[in-house]
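Each structure below appears as structure tokens.
One chain, subunit A, appears in both complexes that follow, with subunit B as partner in the first and subunit C in the second.
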Partner chain A sequence: MTQESLITDEIRSWIGHETPPWTIEASRLDIKRFAVATDDPNPLYLDEEHAKQSPYGGLIAPPLFYMAPLTNPVSETELRPDGLPYEGKFPIPPTPLPRLMDGGTEIEFFAPIRAGDTITGRCKITDIYQKEGRSGPLIFVVRESTYTNQNGEIVLIEKGAAILR
Partner chain B sequence: MAAEQVYFEDVEVGMALPPLHKKPSNTLLFLYSAITWNPQRIHYDKDYTLTEGYRDVIVHGPLRGAFLSQLVTHWVGDEGILKKLSYANRDIAYVNEPLTCKGTVTRTWTEDGKGYVECEIWVENEQGAKLTPGQATVILPRKA
Partner chain C sequence: MARKKLYFEDVKEGDELPSFTAANLTRTDFVKYAGSSGDFNPIHHDQTFAETAGNPTVFAMGMMNAGILSRLVADYAGIENVRKYRVRFATRVWPGDSVTCKGKVTKKTVENGEKIIEGEIAALNQKGEVAIQGSFRAALPSRG
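Here is the complex of A and B:
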């Protein structure tokens, strides 16, 4: 690669950076709300009797329910003009590239989230690298989030990337 | 959920998953913003969204991810397990745009007595453009 690296030591030092853990209460009501808001009629999330007869033995949450609290609730005065909080849930180091794109999501599931569970999420930056895109340099910020239930059991691991351009 | 439970032995490479049709309305986008506590204006404020160069409010990327997860969980039924899901939102979808989630079986294998199936999955628009390509790995029950 002949291009100049935009990744300074300061940006590189963000690798390994961890966010404070956050928790999600998987209440029956929020599971139902999430299922309705994603147009998902699966009775495993909605019908207690059906769920009891299933291999799960009770209500579970849809696979992507863990995404429910996408942002931390902050007051309106702390939101940017586009409506997003100044500080997102996932850490992004300051770079000279202004635009942020979703670089995809990869999830491995280990156990279902059950109604009544308390899920704890933790996120860490695992890599930062640069690539040459069609319109100029791109910086990839790769993160790994681990979600555990109240028994300390890992329910899922999500790998994702933010692309700055 | 699925009319009939699908078993590992029923599945072959090249098989198509039953497609899932969606047409996310303004109301659905609002509900999804609400449950995910997402105040980003491009998902509900059309006047604002036009200033970002879009022609209407746009469908949340993770909502398309949820549709893809549904395509797979619907197919595998109560006894199948979604083990891995990946997707990337390559292009935007506008509110009220008809979207179809589709999938094809790409690989089947057994491991520790369990039947694994890998699928290519995607969300496409009416023009047939793959807006959200992805992959899923599921574990299906085996016939005794």
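Here is the complex of A and C:
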């Protein structure tokens, strides 16, 4: 690695940075909309009668539903050149690299999200490092987000990376 | 509509997950996902914005494709049994593309008394290019 490091002490100080927790309600309508938008006809997400007869006793959310209420809509004047908000739920330190890509994600599931649940999310930066990409340097911002329900149970943990280029 | 319950004993390493295709994804599909997810990044619905940002046109949200792909695993193993889901984004999905979701079981094991299966999954476009590559892990019930 002979490349110049773009990761200043200030950027490195973001490791360990945690966003303030955010809380959302998972409504039946939110769940149904998300299931329809991801082309998923599973009656556990859509059919209240079917879901009532299931071991869940009511509607549950599809696996990736947690993403749905995660994004805080902002006005278009507050977007980066890549169309992403500057202040999303995932903290991103200011760097000289303007564009952000999703570096993939891994989700571990512990409990279902049920219609009516109140879910609290917390996100922490766990690592920041640089790699040389084909088109220049890349900065990886690695995060871990934990979602808990109103009973304090962890429903899922998401580990992912944002790639700045 | 109720899915057939999958038992650990029914699964062999190499088994394929029943594949399906989300055919001809349109801008309308992207807008529906934007509305349901709150991802209003104009790069996914606004032609002018997408071009200014250096793209030929709008493209699907990665998490929308990941959401479509997650159905492959939940339908096969049962959502109550899915423990882990991992995705990595490769090529993008454009209006008019069709996304085929497929996967196979790569490992069957018992860990701490739990009957675990693991597998690889992928979402491919109509040219066979990988849009998403991923993996899953599920704990299945036993007949025993």
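Things to note:
One rule holds for everything that comes next: the second predicted complex is superposed on the first by the 150 of 165 C-alpha atoms of A that agree within 3 Å, B and C clash if a C-alpha of one lies under 4 Å from a C-alpha of the other, contacts with A are read in each partner's own complex, and residues count from 1 in each chain.
To be clear about the criterion, contacts are C-beta pairs under 8 Å (C-beta built on N, C-alpha and C of every residue); 3 or more make two chains touch, one makes a residue touch a chain.
None of these values were measured; they are calculated from a predicted model.
For the composite obtained by superposing both complexes on subunit A, the positions of subunit B and subunit C are in clash.
Once the two complexes are overlaid on the shared chain, A:I60 sits against subunit C while remaining clear of subunit B. In the superposed model, A:V36 lies in contact with both subunit B and subunit C. Within the superposed three-chain model, A:L44 lies in touch with subunit B and with subunit C [touch as defined at top]. In the superposed model, A:I107 makes contact with both subunit B and subunit C. When both complexes are overlaid on chain A, the residue A:E144 reaches neither subunit B nor subunit C.
In the superposition on chain A, contact is made by A:G83 with both subunit B and subunit C.
Note: residues 30, 33-34, 36-40, 42-44, 55-56, 62-64, 67-71, 73, 79, 82-84, 102-109 of subunit A belong to the subunit B contact set and to the subunit C contact set alike, using the contact criterion stated above. Note for the complex: subunit A touches subunit B at residues 30, 33-34, 36-40, 42-44, 54-56, 62-64, 67-71, 73, 79, 82-85, 102-109. Those residues of subunit A that touch subunit C in the shared complex are 30, 33-34, 36-44, 47, 50, 55-56, 60, 62-64, 67-73, 76, 79, 81-84, 101-109, 112. Residues of subunit B that touch subunit A in their complex: 1, 22, 24, 28, 31-32, 34-42, 45, 48, 52, 61-63, 65-67, 69-70, 73-74, 78-79, 81-89.
Listed in rising order, the residues of subunit C touching subunit A in the complex are 1-2, 22, 29, 32-33, 35-44, 49, 53, 62-64, 66-68, 70-71, 73-75, 79-80, 82-89.
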